[in-house]
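Take a look at the structures below.
There are two complexes below, and they share chain A, which is joined by chain B in the first and by chain C in the second.
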Partner chain A sequence: MKPKVVIAGGGAAGMAVALRLERLGVEPVIVEREERLGGKVRGWHKLFPTFTPAAEVLDPLVAQIGRRGIECRTGAAVEALSEHGVKLASGQTIEADAVVVATGFTLFDARRKEEYGYGIYDNVVTSADLERMMNEGAVRLADGSTPRRIALLHCVGSRDEKVCQRHCSKVCCITGVKQAIELKKMFPEADVFNFYMDIRMFGAGYEELYREAQQSYNIHFVRGRISEASPMINGRIQIKAEDTLTGRPLRMSIDMLVLLAGMRANDDNAALAASAGLALAPNGFMQSADPFLGAVRSPRRGIFYAGAVTAPKSLADTLAEASLTADAVMDYLNSVQR
Partner chain B sequence: MTFFAPFTIPFIIGGAIMAAVLLAKYTLWAVRLPREDKRLIRRNILSFKSLAALWEVVRESLLHVRIFRVNPVLGYMHSSLALGWLLLIAVGWIETVAYLGLRWVPLQGHVFFKYFMPVNGITQHKAGFELAMDLLLAVVLSGVALAWIKRMRSRIMGLRRTTKHVLFDRIALSALWFVFPLRYLAESVTCAIYGGGSFLTGSTGSLLASHLDAETLAAVYEPLWWCYSIALGIFFSTMPFSRYMHIFTEIPLIFLRRYRLAPGIEPKSYDHFEVEACSRCGICIDPCQLQSVLGIDEVQSVYFLRDRRYNMLQLSVANNCLMCGRCQTKCPVGINLNTLRLNSRSRMRNIPNEGRFNYLSGIDRSSGEGRTGYFAGCMTMLTPRTLSAMDTIFRAAGDDIWHADRDGGVCCGRPLMLSGETTAARKMIEYNTDLFRRHGITRLVTSCPICLRVFREEYALDGIEVMHHSEYIRMMIAEGRLQMRRTDMRYTYHDPCELGRGCGIYDQPREVIAAVGELVEPAHNRRDALCCGASLANTVIDDSQQMRIAREMTGELEATGAGTIVTSCPLCYKTIKRAAGTETKDISEVVAENIFQP
Partner chain C sequence: MSGLRFGYGINRPRAIDIDSNDLRKSNEILREMPELQTCIGCGSCTASCTAGNLTEFNFRRVHTLVRRGEYRSAYEEMNKCMLCGKCRLVCPRGINTRGVAMLIKRKLGDF
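Up next, the complex of A and B:
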């Protein structure tokens, strides 16, 4: 009989782990909270730094899950877990020989930075909203017109003690560059500004894209966080910031403000960790057994991690990590059988 | 009779030192009072205020009524020592008169009367006096016993923490502890030899007489009186340099306070009376959330005043305070703890920079026209829900508004003042006062209690009615200009420090909430309300420490089971939103959502 592995989370990480395990002779079961597989990537339009449509990555994964006949329990949330299986919110339990936690992250709620007016004024959107608008076919202002001046604000809910999010969300810098280029392509006449603390371009092709944004697209980068945004009588938004390179305060009226919302730890990480005796990192993400040799293992044998449940990660990193997780699960299953 | 014996010398020296130091201190402080303070004294000294002060001296310096209210056992301890001792002196004086008639007797004659007049040789033994004196001694001894217990097991006395003392305090304290037990022993031995005394010294005397022979008694007789005199001498000579300075200093303080003298944001001579009236009772330690939540226990008002008095105040102590005012409401002496801390910060931190605010001249970014001015405050600019709710409210009330800072205003000055930059704060105050005057407003509404407080305390805005938005809303409801729709929501309310303890506004927000839904109160509210922890006044604790204080406080709010937490300060609002899982709103939002429009 094939060993059975429950994978909590049916996003990119969970699906990739499931496919790999199935190939290695295991019976994976995916438990997904949403009604459909795909996780956060499902809401994305194009991927950095190559502008690859997100569907080109996601659709093959979902299709293969179906083709291989991998069991998926959608609309079911994992409430508690152990190395012997998971308990669902419905009360049902699924027994297994190992468990993979791939429940990902939660998008930072930009309403918590009330000073930017998200959810209060029109035309303040998050990076996720912008992707959705692009997926829906058009980026427009609330009154249906096109924006002439757009500001993207980095680090909303990242590296911000005032909202208890000290960590860097890693992907927003390059997302800001990507979205700025997309906006400029859509509205060539518009001025596009990025307001940032640092620009962190660590991935392959990122720095090149950043340079291209400035040289080919004439996108402006201002080092300084926006302190507040307020609505103006003519429907525009007034932002205040400090350009810390010139040391001067500035105010600017813009048509659209895009908040690059960060990645935060899931609220239910604590409950999951408590149910299985796992540990949380200080930022609320799951703590791996070891940052080097045990990055995909939990401190408890038989429970594994994949993807952004342990820290903010890009899609590329997540997919690469999925194979490591599957590998670690196989090692464990072999050692237990023996 | 000369009423002199060598053993009285320590007492005489100690008493003389105390009298000289007290006289020097009070004279110096009084002479150095600023002119306006002296004028206040001259104007008020011959008025009913002096009588009221006298009555307060009896209530507070002798009976300790306020301590009784906070902690009855502690109150008894203080009044048994203060009133008991005073009555011992007074009854002792009457006793002397009763025995010797009205004639001059030197001080030590009164104090050591039992030594000089041990027997009923001259006059008949007066049992009434003996009983009264023994009774009073017993009362004082019970106070001393409580003091011993307080030092060793403060929890029994209802204090979780008690004060850590300096050397002078320890010497004076030890001397004080021994004064009355020694007096008791000395008088008992006297009674054992000569007879007399009542239920206390008399019966102890008989007990001693029946167990010890006359030689032993005679051998310890003089040394015991010596010890008593030395204990008194030590206590009196260290007293002006120790916490016991409060015993006498509270008296001039009460009078000066009745004459309307008060500390200000810059230090002055009057502050000495407040600083040295602190008895270091330590009642201010327990209410401090820095202590109860974070375990920081060297910055509380008692230590701040102690350090300031001995010129060893560190900026790290002066700055480590939320200025929430919880300790001030409990202080039995009624010392203006926050103002004193502010002016210490001013003394240590105020570095005037004349050119720094030159850019202010000529700027006017205000907008709109109206007799009512709205100064949102910079924290409110960061909470735009409150701003838009206020817009809705002003529109519904049909009030024309002049917006002072909608497009960027100048700070009210209080944050600078809280950090000791008094001169810079004055610049802001001058600028804004001029702005308000120029636009001819008759009413000034602000959504920020921090601004409200400085508008009320430091701005000269005669003719302009300064209101917090909760007061404004309540007034509009009372006038029928705003009609509220009642809902079945359950709200709980957090009292912001600057609004509640700072400006005394407790009822108006509650009346506003009660017009919309049901109000449930948290465990600590009104004068006892907890601070949210994010106070601008504290520049020492870090963000995570602020959040620990905040969570302690929001825990109480959430325990009420209310569906929505309401507050009326943008800073508290932001903090509660971070710390609590429950929906949080500014009072203006609650109102704006529930305006009834027929």
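Up next, the complex of A and C:
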């Protein structure tokens, strides 16, 4: 009989692990909280740094899950887990020989940074909203007009003790560069400003894209965190910051403010960790057994991690890690069967 | 009147106001030398600058202010530059900084 592995989370990480395990002779079962597979990537339009449509990555994964006949329990949330299986919110349990936690992350709620006016003023949107607007085919201001000046603010809900998010969300810098270029392509007449603290271009091709944004798209990068956004009588938004490279305060009116919302730990990580005797990192993400040789293992034998549940990760990192997770699961299954 | 000093005065606002600044010259400069926009603010130019080591001249700060439309005293500041080109030798982005200095002087000479 094939060993059975329950995978909590049907996003990119969970699907990639399931596909790999299935090929290695395991019977994977995906448990997904939403009604559809795909996770956060489903809401994305194009991927950095190549502007690859997100669907080009996601659709083949979903299609393969169907073709390989992998069992998926959608609309089912995992409430508790152990190395012997998971308990769903419905009370039902699924027994298994190993468990993979691939429940991902939660998008930072930009309303908590009240000074930026998200949810209060028109035309203050998050990076995720912008992707949705692009998916829907049109980026427009609330009154239907096109923006003439746009600001993107990095580190919203990242590196910020005021909202208990000390960590760097890693992918927002390059997302900000990507979205600035997309906005400039849509509105060539518009001025686009990125307000950043540090620019962290950690991946292959990222720094090159940053430079292209500066040189070929004339996107202005201002080093300084926007301190507040306020509405103007003409409906525009006034923003204030320090231009730290000149040491002077700076202000300007803009038509649209894009907040690059960070990745934060899921609220239910603590409950899941408590149910299985796992550990949380100080930032609330799941703590791996070891950052080098045990990055996909939990401290508990038989429970594994994949994707952004352990730390903010790019889609490329997540997909690469999925194979490692499947590999670690196979090692474990082989060791307990003999 | 200048002889009368009461010990107080009126300060100009220090904030850079992008709305009221005339960005035309700045845009012209960036159109002619778009590479200037790739500056990552490392300060290598200022660190290697002879003028900057002997006077208040800070090339990085001046060209950043010019890009924001703050032209006041930029021309006079740039006159401190001796066009030796050492900054160009060290710029990690390969910006022709000497060319930038000359371009700013050319564009802002009549400002």
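Operating definition for what follows: the second predicted complex is superposed on the first by the 338 of 338 C-alpha atoms of A that agree within 3 Å, B and C clash if a C-alpha of one lies under 4 Å from a C-alpha of the other, contacts with A are read in each partner's own complex, and residues count from 1 in each chain.
Going forward, contacts are C-beta pairs under 8 Å (C-beta built on N, C-alpha and C of every residue); 3 or more make two chains touch, one makes a residue touch a chain.
What you see is a predicted model; the values in this text were computed from it and never measured.
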First, second, both or neither for A:S230, with chain B first and chain C second: first
Partner chain in contact with A:D331 - chain B first, chain C second, else both or neither: neither
Partner chain(s) touched by A:D198 [first = chain B, second = chain C, both, neither]: neither
A:L250 touches, of chain B and chain C: first, second, both or neither? second
Which of chain B and chain C A:E95 touches, first, second, both or neither: neither
Partner chain in contact with A:Q214 - chain B first, chain C second, else both or neither: second
First (chain B), second (chain C), both or neither touched by A:V163: first
Set of chain A residues, in rising order, touched by both chain B and chain C: 240, 251
Footprint of chain B on chain A - complex, ascending: 112, 114-115, 117, 120-121, 161-164, 227-228, 230-231, 238, 240, 251
Sites on chain B touched by chain A in the complex: 381-385, 387-388, 406-408, 543, 547, 574, 577-578
Interface residues, chain C side, partner chain A - complex: 14-19, 30, 34-35, 37-38, 40-41, 60-61, 64-65, 67-68, 70, 93
Touch list for chain A against partner chain C, complex: 199, 211, 214-216, 218-220, 223, 240, 243, 245-253
